[in-house]
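Shared chain: subunit A. Partners: subunit B in the first complex, subunit C in the second.
Take a look at the complex of A and B:
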């Protein structure tokens, strides 16, 4: 049965009508539906497609006409309600484009407003292909996806470099681009410190400390953990450093990475030695053996942050590590173990570096499972390691594993100190402190009943602007009995102090090195990326789109589905053919 | 609240006669339309879809502020070079006039054609506007003999959207004609006469009447000055399919036999 609905003198953006048409077509009991302006030519279309009715003749060119072929009349009421909602709810005032989603590149590019950045979080085996598509469309790429082959990373980064584009990642957990937080990131004040980092939580720790010192970071460019490997050759890091150097708003450049391959480190240092702006480097794990006139080599994340702040203030670098002195815990002689259960990989790594340095004579046991460090007495675990996250949410979202570890180690009579991090910001749990607090309370109480005392140390990585609120998280943890440390550095040194150890801060001379002249120019497209609010196409996790939009940037959600039924080989063939035909749009 | 306009199109300016009354006809994401008693239409809004000879350009903030105050059916009256509404006043006295961009001779047709080869129009083959039908019309347009009223009636007002696909294709064909003239004048007259009939939406009629006079949106005239793929892509992004439909019309006109 055919039913006609005429909305006189009604106009809508055509996208609204198309969405409405899709919605109505999908309704149970609706066989066919067509929505068009009531022009004579369109009336002919209605008729020729079997949707001609008497009422249709009354429609005028400026009326919206909807003809529905439905089994029961009651369906029409439902259709009318949907029509009213669509025409009223969307009538003009809302930015309809914000609600638009694409299922392919073509549509995504049509919907996006001058896009310049693709944020990719689809499974690793497909991510490289879509990154290549993005580069071919002239977009910079932020790859949150992991499990991307190293050779693909090399290929993508070389391709990007040739095109004057940047590939951040793969496995890039964090980034701030012109004040826009991407993926797992904190809301940090904008400012004159520029950060390039090959580690996720490393960037988070450094930028949030900078924020809490009252300074800011407008660009924190994540490179992915393998960027400084021999094969990749720091392509992204070098382009990023050059971009920050060229940006007049950047006063200090801070580079964070695990120790790179020697020749890559030399390459990076050579570029940095060409730069006149003050530079801070942290090759986490290397104890600095020297300082340079214009390059400050830091030992820990906090040191890198504090020195960056000092340089940005025009002050002389001066870092004194802090230990929490007023910790009132009576430990027994048998309580000697430090246990660190981290959600942040780099934070766990930093803890391991410091604990190892403090107890050099304790030979670390062979690395197994996700132990970053395991000695006779101490253990540091990265609960974000694949072993713990397979089929389970990341510990920044799911407290379960941490609760279990807290219980187990709390019951161990050898445990002296337990360390935990609480990384807040976009992507993290809404209130992790509240999840962990009851367990901390119980663990401390159980130990007391057992005639022991324990120190549970905690540090919150975040800022007051983060949705969870830094102070609120700190307060919840403090109330549970945890001792709050301002930074991971402070937490680990406090733990070491409690069991009678100490980490010596390196005391080094200023040395001068020869360097070869380097071309510091960088493509305009990269400068434009870091100097304007990015317009993003998000391929994958929808929550990233919401985060980007809530930060006031434009974002089109691309709901990616594998073509060719996910058959990788066939997908690659199709990908090849797509470009073989000559960049058909 | 007094708001400033950024620029104004010459067709719009001619319509803004002191004391004249306009009614808000429709409100969209990027702006709104007002019409006078003769259903002559002016668009007020941002230039995300380009600027129009019948447009009044507002910056995004001004558009947003104004949109919060208006509703369809509200009245604007022209007073002292202001468009006065009971909650806001839009000034257009010192605003600059948008260029008409009728320098069609600057178009580089060869480069335009070459770059357009990068765009696939294959999807039109499964629509009411398959290439044979469009090229047949274009072929007949070159020949002054015969009356094309039926052909035009097929195109005008046909298809989805506020500016139906057939109309957008006609605008594209007309642009193709202005940069490389081929349409016999009697057919232009027929088209001009037909669009006075109620065959399409008010908005689409406005685009067609302007196109007949050689007045196009800036996203289209941009092609005269920059025939790059970027310009083509920028036109394609207009509306949900309008830009692409226009481009299809241009492509068919430039590739006529």
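Take a look at the complex of A and C:
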């Protein structure tokens, strides 16, 4: 029996509600429960998940909707009480620091002390509008939000560029600005390597490896995955590269991206060829066909990190990929499959690149759903893909999907190796290793009882300074029976090695290219962004504010709720009127 | 023309409100200043409404006005005229006027004349009849009609003489500034302003040699008894100020808010005389003994012009004494209400400094954009009428406009400026 509870005019962020959904699901006597804001999109999710009710239709975007599937009606009261208690806790804590928090731009700007950066993590359909508001207030924008239309991204970035501002994102999962970790980020030592990256976990992998080698990164600027598309034209990447070039404290510039559109890649390379500092590039998925005098083209994330460290030390680049040789696992002939279940999209992508390269004869099947790679034997899945995160927390926070995948593939007699990543740092689960460990143990044990052996490989992306602690996470996973690899590169090569494959490291010549002269100047507002501790207005997820504040930077929490009650037409009307400049008035 | 942004246009509207110089200059028969008020024409509160859609109190007021004018012998005759569409209705707002509650104004009723000397425009409002059985709440018994005649024959002419004796009339801004410091917010509470008004006119009235002593005494007594007398002055003042501000012709500042018991209507500067309406809410508040929310009429009257100019419920903090009466908790609630209003009013009026608000000026310029953006609607203090004509006032409280009015207004304005979805 389905029961609907509507709490009018009580906006809460989706992450808060999702975590609450998880908590409520665990209640005895509750078959299924979901709690979301009553937006049209969420109503569809209710319906498609079998929780559609007539009452649901009455809910408005600013109402919290709870649909409970329970046998007894008394359960509904319990759920209601639980929700009240949880939300009370939420708003109670907000009351305590009421004076420090804003719920509109005006107040946020009053509270902030010379703000220069807006960190935006509100739902995608509203994010572009608030980003525009931020730019109009002269703030750089870090857009954690995803589901932002490409046209909006183009418009925002052009607008930002004209104003001498930077838009990082959308879908920018990570970033370090003048030593300040933003969104899902690791605590990395400061240093003379400057990173520009179009990918979240790519930046995390590279910066944490650099940290473990004893070097540091003061600025890791995320651009968002579409920055190097033809339409966007690398606006953010180019401004960022120029800023790092102008910053005398930066010795090496490292650029990470998936392979961009050809003409955009040329545009970026042309700028890099104008730069005198040593540069490392990684166009993940492109096997480098040449090296350049001043530009090192890397093949993997680890390589990009290691070479950056070497260049920063004034050494000659020299990278040898590593494979863990001492893996004692007896595989049967029938065990041929590599299964990778990732929380980090770029790590999954790198795994797919390497597996594909190792087994070139296995033609990949067409990409479907969230498979980054699916061949006859192997599969690599990005569990952070939208397909898995609709109405659910990201796998870096929620272990559920990974546990399910580990069990399914562990029971598959064809599976030889399972690979998992554990991305720690701000924003991630407090102790993911501990959540996954029992399952890893059980999967290995089940296989043994089935008369098989199995390798579970794991890599931890993080640093010892991270709240979860790198060593502790590694130790927990090791105790569960997982084989720990230092990097994703090593994990994937080890997996490939176990099933009898090998990835050749490209051996290439140094070539020189003509380049056209490029204006490398950059707006001083961008220079001051990377050269001073940012003063942040955080619009959305409150945990980001806490993270920024605990890193010693100023941050004003803007408890955003959709303006105009979330009515999209009215929001557009307001946007139009607020920025109208014309001859009709 | 000539504003770069809507903010600039709105600022111009606000400057026009601040610059307004309202003077109460006269009391005259309505028809002498409102030519539209011919035989069988009545004014009503709120946006346009048909007789059959009026709530019972407003219909009762119509009967009373017809009896007062002598267009019918009795109630039956009056109802016959009304039901057979023999009476033409015009909203007060369409003829430079405002009217409390039902707002029913007939040609021979005396109206207060407020001149805005900055802009040269005038605004009118009938005079407050006191409390109890009164026309504005739909009462039309003999006592009500007799009082209306007395107001026409005695109160109006006497006040007219008194006002004319003052050089240039009575400066209303000064009175408001004084009374706001004495705890009035000019909608629910006008006692300080009414007394200050009496203080200005009493010596003049007492000295009027061409008025019989008995009449002078009656007038003074009436003014002394009528705590809300100044409300109607404040309303005409608000209308004179906001009509002048509306001449800016651009922007999203609200220039009128009013209700007819069926619909709430607003105007914004950028859309001229166009009404944006939505069904009215019913006030929430405290009821006199024996009555409850079930007896309450829906929201009615042009008196929300006070909130339009930035006083009334919006300036709750100026009048802590009435916060209890209108159903809110106390000083801190009043403070919270006024503080919240600063999110939708974009300025403050230096002419009306509020001591209890640390001398911050009263709210100024209700921006329809901000209302839609925040979902916060202005708080309107209001009397609550019984839903059956003739019972009169049964309580007081607060009411909020339906947000749809503001949504419609800004959407229409955006479209006027070229917005396309």
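Heads up, the rule we're going with is that the second predicted complex is superposed on the first by the 481 of 585 C-alpha atoms of A that agree within 3 Å, B and C clash if a C-alpha of one lies under 4 Å from a C-alpha of the other, contacts with A are read in each partner's own complex, and residues count from 1 in each chain.
The rule is short, and it goes like this: contacts are C-beta pairs under 8 Å (C-beta built on N, C-alpha and C of every residue); 3 or more make two chains touch, one makes a residue touch a chain.
Keep in mind that what you see is a predicted model, and the values were worked out from it rather than measured.
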item	value
Partner chain in contact with A:289 - subunit B first, subunit C second, else both or neither	neither
First (subunit B), second (subunit C), both or neither touched by A:149	neither
Subunit B versus subunit C, judged by how many residues of subunit A each one touches	B
Which superposed partner A:113 touches (first subunit B, second subunit C, both, neither)	first
Contacts of A:104 with subunit B and subunit C, given as first, second, both or neither	second
Residues of subunit A that lie at the interface with subunit B and also at the interface with subunit C	62, 582-585
In the complex, subunit A residues that touch subunit C	62, 104, 106, 563-565, 567, 569-570, 572-574, 576-578, 580-585
Touching residues (chain side subunit B, partner subunit A) in the complex	25-29, 32-33, 48, 67-68, 72, 118-120, 128, 153-162, 164, 166, 198-203, 233, 236-237, 239-242
Touching residues on subunit C, where the partner in the complex is subunit A	1, 3-6, 8-9, 250-252, 270, 343, 369, 372-375, 407, 410-411, 413-414, 416-419, 421
Subunit B-touching residues of subunit A, taken from the complex the two chains share	9, 11-15, 17-18, 36-37, 39-42, 44-45, 60-62, 91-97, 109-110, 113, 582-585
